[in-house]
Amino acid sequence: GTRAPGDDVVDVRTDVAFTGAMLPLLVGVDRGIYRAHGLDVRLNSGNGSATTIQTVANGSDDLGYADATSLVQSAAEGVPVRMVAGMVQRSPLAVFSKPGSGIDEPADLAGTEGGYVPGSAPEMLFPAFAAATGVDTGGIGLPRVDVPAREALFLNDRVQFTFGLTNVSLPKLREKCDCAIRTIAYREHGLDALSSGIVVGDRFAAQHPGTVRAFLAATAEATRAVLDDPDAAVRSYYRLDESAALSPDLLRAQWDASARLLRSARTRAEPFGCTDRADWADTIRLVERGTGTDPGLVQPGTVATNEFLPGDCDPGRSPGASR
Amino acid sequence: MTAFVDVDRVTKSFPAAGGPVQAVAEMTFQLHRGEFLAIVGPSGCGKSTLLTAAAGLTAPTSGQIRIAGEPVDGPHTALGMVFQNPELLPWRTALDNVLLQAEIRKLPKVPYRDAAARLLQQVGLGGFEQHYPDELSGGMAQRVALCRALLHDPELLLLDEPFGALDALTRDRIQLDLQRLWLARRKTVAFVTHSIDEAVFLADRVLVFSPRPAGIAADIDIGFDRPRRPEIRATPEFAALVGRIRDVFARLGVFGADPDDEPAADAARGGDQA
Amino acid sequence: MTHIRSALLPVGLLVVCCAVWQVVVTAGQVPEYVLPAPLTVLGTMVADAPLLATESVPTLLAVLAGFGLAVLVALPVAVLMTYSDALHRALYPLLIVAQVVPKVAVAPLFIIWFGFGQLPKVLMVALISFFPLIVDALVGLAATRPQSLVLVRSMGAGRWQAFWKVRWPWALPSIFAGAKVAVTLAVVGAVVAEFVGSDDGLGVVLLDARGNLDSAMAFAAIGWLTIAGLLLFGAVALAERVLVPGGRRAASAEAAGSL
Amino acid sequence: MTHIRSALLPVGLLVVCCAVWQVVVTAGQVPEYVLPAPLTVLGTMVADAPLLATESVPTLLAVLAGFGLAVLVALPVAVLMTYSDALHRALYPLLIVAQVVPKVAVAPLFIIWFGFGQLPKVLMVALISFFPLIVDALVGLAATRPQSLVLVRSMGAGRWQAFWKVRWPWALPSIFAGAKVAVTLAVVGAVVAEFVGSDDGLGVVLLDARGNLDSAMAFAAIGWLTIAGLLLFGAVALAERVLVPGGRRAASAEAAGSL
Amino acid sequence: MTAFVDVDRVTKSFPAAGGPVQAVAEMTFQLHRGEFLAIVGPSGCGKSTLLTAAAGLTAPTSGQIRIAGEPVDGPHTALGMVFQNPELLPWRTALDNVLLQAEIRKLPKVPYRDAAARLLQQVGLGGFEQHYPDELSGGMAQRVALCRALLHDPELLLLDEPFGALDALTRDRIQLDLQRLWLARRKTVAFVTHSIDEAVFLADRVLVFSPRPAGIAADIDIGFDRPRRPEIRATPEFAALVGRIRDVFARLGVFGADPDDEPAADAARGGDQA
């Protein structure tokens, strides 16, 4: 769209190529919601949460849409980035299998093989998941692959299971495979964790708090718009992404799945984006268990804050004051 | 004597930017087994071209060359050849360059190694066996190439100005060596030279080529007894033959004269020429 | 006549390959989301031509800029290294180090430092095409016939003249061998850079398509990349024809026969 | 003396580079999670040497096998293409196509077809090192002095002899230029293959380290890969010294002066 | 006349695999401005080495060469040089090879293009201007190299067997051309040749070099009037001078004689030699 002279230019980087889960961001741009808040948002897709978090940290990008697990991990390395709004607050992490594979529950994974993408959330938390479900990871083959190869290998029966997200990967796998996919969701085995949200570097947040606030306010508005009319939101995608690689049905399915994960059990009654300290503590613990990060190195306050959100979050849940 | 090398109505022309260059006009002559033939002719007339064709390295544009009755239609390799440039392989020492001949022909190593060393010794290159081509002088490189052509003791020798870069005395010496070799084994030799003296001294017969396109301007028998001693050069018969060949040359005109120049024919009366 | 036949042969081979591929895929031996049929790919290449053409622009610009940069740096450095032994000894090991460091591995640093724009792509392309250029240029410049240098030295040629009149023509065949390898690697470099992080380009299309398991689009992008690579290679080959002097140097070919 | 000095120069430069890097990082100009200090990297390279050494094995095996395969295919094909014009015309365009198709993009197919073992890695390495080998071999074989061929032809040399006695020695400098580029690309190829999918190898270590944001380990893996690349390059350079005949061909160098 | 080229106690040795090769032993001589000096000597004795040193292309191992009073310690380029091999650049046509001289010296294009074409015409290469070196015969390539050396009309000519690959008549003709040129402009010339006849015919003075390491075995003045006509070759004075030089040669021995061989000195009595 055209750019008003006074607008703040904001570079926003998603973690991966646009999916149905990101419809609020797309709608915000497409319908001029950000512009109405004085922001000229330039939305681009990234190459994984870790990279997005780093480019946000060093100022190449202003804001990001990234994964909480990666964020905790990055924070442990000293990357000064925090999540300012949680957009997927229940864990979509899962292991998928095909019906004929005989994998119906975690224990069935023993002796099977699945492509492993280093740095990807479901893989990172898999040791914790295995521990929680009493599966011996030693008997599971985890060859290293990249994301497209992981899914192609699974669809091609080269491996018996694959890691993924119930809100993003599952609809896609279903569409491609044209078969019923078995889902073993981590959250159904007691492993719930925060997922995607808006992240911002500490320096940018300190220098442009108004921009961050305006962005979150607009995103909240856009989220409501998507919830109100998902099909209209899907059309925004086609206006913004000329490659238009995803089918409308797939986008719709991804959004519907994401919408169900918008808030955690603890933030069910909270306004848009508020995250809960206890949810962060759980997530941090899982990452610690999954990746061997030193316990206690990362505190909820290191990685999240509700201070820029438009609505009034319950102060008792606040992840912590700014550092 | 039957014709050993039979050049039968051979012509050769090369395609070139400004229309084809005819190097050899229809040419016919025979070379008998054991005969020593010298070829003289103006620069660029087609001598090298003819030798290359005789070795089967280029095909005549028309006509045929037969060696020992067999038409030459591919490399005829039962011969020893000296090219106008020494063509030594730069990564081989003098000795190894000579031995290339033995290697390609799969001759036994040890005896030919000795033979090569002996040949080099004979042409005055003892002590230079392990030198690389770029450490040799022009004449030395040429002598290495000669040794290479002689190594396998071939029936037929095609020598394209093999002594061109040698000083008078080294040349005399090697001429005598070549004569001795020839007398001992009676090889068939076709010898291109730009020295009329050398041609008369060495050959049984001298062919004088006309300027491009080469034709045979004269075919002169040299009747001196063998072995010829250097002294025959001082005889009137020798001078007469040299003079006769120079006359042929002169009559043909070496190249189109420039009006300001002294006519080339004027130059044709000297006694001692290269 | 021979020209047409010489073009027919490779095209024929290519067509045969594609036909086999088509049969294998349509016979259901390979699922379409792994390897789409060539006709499907062709269809996508044509149908999505506007998108693919748009996305080709940044990729090609990065390739051209990066390759140009590599040429502009590699050739002078090769020349300097040819003239200065000390420089040669000092730089060569560093060049090797720079080359053997896996570029795929350091590419993320570029993104972190330079963002998702053209700059990291250009640098990546330059980095990846640099080595073959310099190695072949060094070989070519060293292959110069020393006697030719002696000749021009006796005429009073300075380095500059000796370089342009003698070394450069002697080295050109080698330099172009390096350029041919480099220009194809340049395309690879741009794709790698776009894989690691970019806002646009055919590499992004390819990555997105793979992420979406849209193999037809992925292969269509590969097809466009291949065509771009062929065109660039063709441009280098054409430059070679024009610049390498004495194309008629094959006069002695006949006597060499088929050896 | 000169030997020591010639070694000192690049090492000195390298040390200076590392020192600057160390200072920049410790001064906090670049965060450690982006670029760890060289001493940190060195520490990890040494401390985790057992792991890194173990993981080097499959990577190096893939590099050696793939590079060997590429050499074994590229050189004979180059020879055949040198001797047969028809083959040259038919194959050359296909080679270019094979080269410009981005290998990163087709790598997943290899995994799908051949699994996670060594085979896809070896193929990838072979594919990536093939082109520079063949292009430079073709240039080298074509650069043979035709008069040398005429000479051995007059001696009755067959193709086999003409090849070994004449073409091969003339072509070797170019062939080795290709091999130097190819061997460094081979390491890249192995890493790319391991990135796309593998059970083991330094590429996997690197990928895991990056996944864990363990930049020290990532750079340690890059360090090991670099050393492996240097050793392989050194091996090729050594082979060149041994195989290229007439190292003493520089006798005319004096008269060429510094031109 | 003052010494224009002053060769002062020059020695030169080359490192080689089997110990250093001494090419030039301590050598001293002067060449005056406008003098035509011929150098003859056995193959491999160091003639080319000396010429290269005089042009400043190689440094003597000891001693000094001065040209016009200036010590030569880098390329001395106010000269025209013919190397023993033609050294044509293979990607340039005959004409462009000649023009290289003008290009390197940054001389104006148009007049030198005409001059080059005229020179080629004069040496009998009219019509071959656009031929590439590998389309020329050995003698033609040598003539192109000669034209290249003459193009810029230099003060000093260093000619290393410039007529070595030419047939007798082309050679005679070009010798006369060279004499005419020299008479018109009185260039200083150092001319290496392996033809004693050529040396005597052309030169004011002939230096005879001894075998490697080269020393001056004889320094012979040739007093014939200029212009010399080819006929003087037939005079007894000419023959006497040629004989004298051959004697010097013979006394030195060309190369270590093999006991079975006829002694090289035997060859020293002929009239007409190359």
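Lettered A, B, C, D and E in written order, each chain numbered from 1.
Here is the rule we go by: a contact is a pair of C-beta atoms (placed from the backbone, for glycine too) under 8 Å apart; a residue touches a chain by one contact, two chains touch by 3 or more.
All figures in this text were calculated on a predicted structure; none of them were measured in a lab.
Number of steps on the shortest path from chain C to chain D, with steps defined by chain touch: 1. Most remote from chain E, judged by the distance between CA-atom centroids, is A.
When the interfaces B-C and C-E are ranked by how many C-beta pairs touch across them, C-E comes first. Note: centroid distance chain A to chain C, computed from Cα atoms, is 39 Å. Distance between chain B and chain D, defined via averaged C-alpha coordinates, is recorded as 50 Å. One inter-chain figure worth recording: chain B and chain E are separated by 24 Å, centre to centre, where each centre is the mean of the chain's CA atoms.
Residues of chain A found to touch two or more other chains are 54, 58, 148, 152, 156. Of all residues in chain E, those that touch two or more other chains are 14, 17, 52, 57, 75, 85, 134-135.
Annotation for chain D: residues touching 2 or more other chains are 34, 108, 112, 146-147, 150, 152-153, 157, 166, 195, 210, 248, 251-252, 255, 257. The touch graph of the protein chains shown belongs to none of the named shapes. Pairs of chains that satisfy the touch definition comprise A-C, A-D, B-C, B-D, B-E, C-D, C-E, D-E. Within the complex formed with chain D, the residues of chain C that make contact are 6, 9-11, 13-14, 34-35, 83, 86, 89-94, 96-97, 99-106, 108-109, 112-113, 131-132, 135-136, 138-139, 142-143, 146-147, 149-150, 152-153, 157, 159, 162-163, 166-167, 173-174, 176-178, 180-181, 184-185, 187-188, 191-192, 195, 203, 206, 210, 218, 221-222, 225-226, 228-230, 232-233, 250, 252-253, 255-259.
Put simply, chain C touches chain E in their complex at residues 147-148, 150-157, 161, 165-166, 169, 245-246, 248-249, 251-252. Within the complex, the chain B residues that touch chain C are 14, 17, 52, 57-59, 74-75. Remark: chain E residues 52, 55, 57, 75, 77, 79, 81, 83, 85, 87, 89-92, 100-101, 103-105, 132, 134-135 touch chain C in the complex.
Residues 14, 16-18, 21, 40-45, 47-49, 84-85, 121-122, 124, 126-127, 130-131, 135-140, 143, 161, 163-173, 175-177, 194-198, 201, 229-231, 233-234, 238-239, 242, 246, 249-250, 254-256, 258, 261-262, 264, 266-274 of chain B are the ones touching chain E in the complex.
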